[in-house]
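Before anything else, here is the set of structures, which you'll find just below.
Two complexes follow with chain A in common, the first pairing it with chain B and the second with chain C.
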Partner chain A sequence: MSEAAATFTEDRQRLELAALSAPAVIFTVAMIAFPVVYTVWLGLHSFSSTGKQSFVGLANYSRLLADTEFWHGLWVTIALYVLSLVLQLVFGVWLALVLFHAKRLPGIVRSLFISPFMMPPVVAGMMWLVILDPSLGAANYILQSLGLPPSEWLASPVWVIPTVALIDTWQWTPYVALIVLGGLQSLPPSVYEAAQIDGASAFKTFQRITLPLLLPTIVTATILRSVDLLRFFDIIYITTQGGPGNASNTLNIYGFRVGFEFFNIGYASALMLTLTAIVFGAVLAFNRLRGAVAW
Partner chain B sequence: MKAKAFAARLALALVAAGNAASVACAADFDWKKFQGKTVTFLANNNPVAQALLTHKADFEKLTGITLKVDAYQEQQMRQRLVTVMNARSDEVDVFMSLPSREGPQFAAAGWYADLTPMTKGAVAGDYDYAGLGRALLKAGTFDGKLTSMPMNIEGPILYYRTDILKKCGVEPPATIKDIEPAAKKLKACDTNITPFVSRGLKPAIAYTFSNMLHNIGGNYIANGKSNLCSAKGKEALETYSGLLRDYGPPGVVNYSFQQISALYRSGRAAMSFESSNELRTVMDGGERLKDTALVPFPAGEAGQVPTAIGWGMAVSAHSKQPEAAWYFVQWATSPEIQKRMALQGIAPPRSAVANDPAYRRWIEEEPVRKQWQAALDVLAAKGSSEVGYPIVANPESREFIGQAVQDLILKQKTVDQACADADKALDVLIAQK
Partner chain C sequence: MTDAPITDAWIRRLNLLQLVVAGIIVLTPTLWMVLSSLKPSFEVTAYPPTLIFAPTLENYAQLTKTTPFLSYAINSLIVTIGSTALGLLFGIPAAFAVSWTRISWPAILTLAARMAPGTLFLLPWYVMFRQVGMIGSYTALILSHAVITLPIVIWVLLPSFDGIPRSVFEAAQVDGCSVTRILWRIALPLVASGVAVASILAFVFSWNYFLFALVLSNGDSKTLIAAAFNFIGEGSTQWGALMAAATLIALPPLILAALVQRWLVSGLTLGAVKG
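And now, the complex of A and B:
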């Protein structure tokens, strides 16, 4: 076959491949792009509570900057994010180390350790709502049995964020642990053998070898949890609906209520796009960090 | 004289002709007219819809219409409805609606089909439109258009423990002013009992608070402005929040009907101000059946102005088959079905059903049911459907009422600050068209 004929055949094959995959590609792009474009369009319009719409340009975004509830929601979102993420990373790494070193741990115990994140968040929320009920819940019963004062948990404006963070930590720590466990299992044994020969203590080995080598894995877990935590919704909605007052009113809860309870879809879209931008920003920042700590 | 007699005969003839036409219309009525069609019903998965849908097969058998049910929890149902209606989709033919909450908003948005001509057209002979509660029909009428047919009547009532009150030497409160001293005495008498519980969850507060405000003699709007900072408004805010703060359960700011009923049913509350709909839940297991009494909320300076609302069935303005949809609405709100639902514990919006012998027998079986019906009779006779501000943005107005009450429960503001902040935000909502 001449070179020209071979090139022709390759081009034809390429065209055929493109033609065959085009419908799937177009469908996928449309499925991703349409909701985003539609939300952008909604965010540029105002919808009165009776459903009448009018183009308002960037007015929804300027309203957002002057909206104290937005800034409060942003603060709550960030506070909950930071607290939950730190707790989940610390306990996740610890749980992963336990599971990694406890080779003889029966499978059933391992499954029990990682089971919370398999539970639907709505079920987890309902379960914790009952446990933490200040009057009827088991949590206060245990506290009082130990001679400790009862807490108002989710009903206290002071304690609601730490309590929600604890519920999320209970549920998602095993997920972080599984990711970290995967990272631990891929670490080169030769480094540990060298450390052992040099007489490094267990703590030094962890501090100087395990942790630095695990950093890319931890950053990956951070990215995955960041996306979820910044969009945190289900457990808060089930347990507090943003209360008491507006103490747990995250941006996501606020946007949902503006859109679906007060029917202001335009402003809700602007809120949600702003939250999406924050999520993207966080992911990009952590992606850069991942590049920096890669080995 | 002759002219008068002629006029009288003519009037008689016209009335007779009208009656004949009506009888003919009822006689012509054919339940099978829309056989083979499918009607989609967006339902709130609450006890009202659950009771109704136990008879779904009977509707399908009677009409030959297939009933497709989309049932969600209340908030998710509204979420779905908003999406469907904004898209002007005909996916939903019939939906459940609370006129006291979203009525003005949905009516202004044009989401409800006008049922007025339907109630005068294709109506079965035994429908008895006139037998439906006038106040509930009025609550579902906006700009002269009837937007929904009442399914039930409900409102907050006071459940109290006769045994605990007797043990502590407390008389059942006859007026609002009696509640606080009674709660104080109960608290001193038995520290394990919550003296008084009602709704403290922000969006849920307006349902019970409105009853107290109206009994005290307050109103939400005066001269086109929010009126929470009036003397009566502040009295209602302080009384309601004070009762919950000083005599309510810990964590009451997260309490809605589920938590309230659970607390009362478990025997840990002496007085509970909660929906009449919760009777079944509260009495479940039978422990509270013999030690509970029910009354409408005690009177204030304005007497008793109980909150009385009801779920309604509406036909979507975007339905492509409103007549078939109306057949379902008509069947679901007919005397026969409402009688069956009444025996399942759903308070009927028809006095004829409330007086039905079978229903009366069910009521007479337990003293607590008799008291429940007596309280509902008061609700039907004196009730107001105003829950939150009577404006298009009613759902949002409930947020600010709830916020003001929570600010006081949590002692985050003084009553003057709380009502002023609420009035400021509510004035903006009132001004919205």
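And now, the complex of A and C:
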């Protein structure tokens, strides 16, 4: 092949490869990038009830800083995030260890363990709504049979956050466990053998060897859960819509209601962009952390 | 160390016990949902709750009689299948090109779109779709749900394409095969199982997605998930029918997930963990 012909084929190939990813890129830009730019524009405007828009600069953002409902939403988001994440990581690592030591699980058992996070969050919300009903639910019946006082669960301004965290933990702990299990299975067995020869106890082996080696996997699980937990929506919208009062009004729920219930499009845009910045900030921070704990 | 085998046996038993406890916690709520859906209406709200009852399908019958459940289900199927097909159509060539060129920004772009809160796009989508009169149309719903399916397809298929030895492509190139031809004739058949997993995961997460349909669908095009929200409002005491609806909505993703559970792990973590 002559040199010119070779360059021609290479150019052609590059063009073909670009054409292959073009539909996905064009689709994403049209559906995401353009709307996001539009949201930024919306966030700099105010809309009157007649639909007339006026440029207000950063007024929506300064309004946000003075909005107690925003700060409350931020607090609810963070409380729910930290509580759910800690519960899911602790139980997820535990479940992963249990699954790891149960060699050769039948496929049906694995299917049962992934069933919570394969079903729609909406369904999880519906089933727990019935189980946690304050007067007729099975949860309170169990508490009372154990001699414990019943709880108002989702109807209590105090308990609604822990209860929502509990529902989400039920649904997503097996997911964290599967990720950690993948990490466990990729650890070299020689590490354990060395520890065994040294006579290390099971707990010491876990604390000194397994846990540090698992850290990158745990950070991965943290990133994947953070993305979902910081924009918590489905289960809350199904069960409480942010209530009782505003006790479970996360930023995502608040932004949604400002936009689609109060039709305050400019302010809702500012809220959503702020939440997006928080989500991506967390992802980038954890991504750095993953680099730091890699081995 | 004469007691070592005994300790081993105990450790195994303790582990099995933990496995059973975990299994009970994971399964009981789902089981309770299914049981409640099979209870006669007067027993669903009985207190203390009953465990022994004569199972009946009356809740399911009532659900199909009092709500357009079937047409919601068809809406869900159209949107889910449409968005999965669109995700595959755009995602397969993109994943192949990213794997070939090692230029990863198109894949990362779709993933970033998936990480942003859905409400961020929903606002401009609502404004734009309303302007062109597309609120409530299948097209708007399929396009919005393809934002969910596209990154799943790309990130599930990337490791599959990466796994094909480069020499396979080089041999085909020497024979004068174009890149596009290599994808459809050679690479795609080799990653068929990856495509199956990607399709199922895309189907499941599109089926389960709530937010977009909540705003972009209306009376006639409402998906099951969006309609479920109304079931709660309409019948707070109709627990039987509510649980029947929940059971039916959960069934398709659960069956599909069970079929491919062995291959799901790496797909679910979007390639973050090789399972």
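One rule holds for everything that comes next: the second predicted complex is superposed on the first by the 258 of 295 C-alpha atoms of A that agree within 3 Å, B and C clash if a C-alpha of one lies under 4 Å from a C-alpha of the other, contacts with A are read in each partner's own complex, and residues count from 1 in each chain.
The rule is simple: a contact is a pair of C-beta atoms (placed from the backbone, for glycine too) under 8 Å apart; a residue touches a chain by one contact, two chains touch by 3 or more.
Just so we're clear, the structure is a prediction, and the values are computed from it rather than from any experiment.
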item	value
Superposed partners chain B and chain C on chain A - clash or fit	clash
Broader residue contact with chain A after superposition on the shared chain, chain B or chain C	C
Touched partner set for A:Ile265, first chain B, second chain C, both or neither	both
A:Val227 touches, of chain B and chain C: first, second, both or neither?	second
Contacts of A:Thr217 with chain B and chain C, given as first, second, both or neither	second
Contacts of A:Leu184 with chain B and chain C, given as first, second, both or neither	neither
Which superposed partner A:Val76 touches (first chain B, second chain C, both, neither)	neither
Partner chain(s) touched by A:Leu154 [first = chain B, second = chain C, both, neither]	first
Touching partner for A:Gly245 - first (chain B), second (chain C), both, neither	first
Partner chain in contact with A:Ser115 - chain B first, chain C second, else both or neither	second
Contacts of A:Pro134 with chain B and chain C, given as first, second, both or neither	first
Overlap of the chain B and chain C footprints on chain A, listed as residue numbers	135-136, 260, 265
Complex contacts: residues of chain A adjacent to chain C	12-13, 16-21, 23-25, 27-29, 31-32, 34-36, 38-39, 42, 94-95, 98-99, 101-102, 107-116, 118-124, 126-131, 135-136, 138, 141, 170, 174-175, 178-179, 181-183, 185-186, 202, 217, 220, 223-224, 227, 230-231, 233-234, 237-238, 252, 255-256, 259-260, 265, 268-269, 272-273, 275-276, 279-280, 283
Of chain B, residues touching chain A in the complex	75, 78-79, 82, 85-86, 105, 108-111, 194, 201-203, 249-254, 259, 262-263, 266, 268, 392-393, 395-396, 399, 403, 406-407, 410, 412, 432-433
Residue numbers on chain A that touch chain B, as the complex places them	47-52, 133-136, 150, 152-157, 239-246, 260-263, 265
Interfacial residue positions of chain C with respect to chain A in the complex	11-12, 15-16, 18-19, 22-23, 25-27, 29-30, 32-33, 36, 45, 47-49, 89-91, 93-94, 96-98, 100-101, 106, 109-110, 112-113, 115-128, 143-144, 146-147, 150, 154, 178-180, 183, 204, 207-211, 214-215, 225, 228-229, 231-232, 239, 242-243, 245-246, 249-250, 253-254, 257-258, 261-262, 264-266, 268-270, 272-275
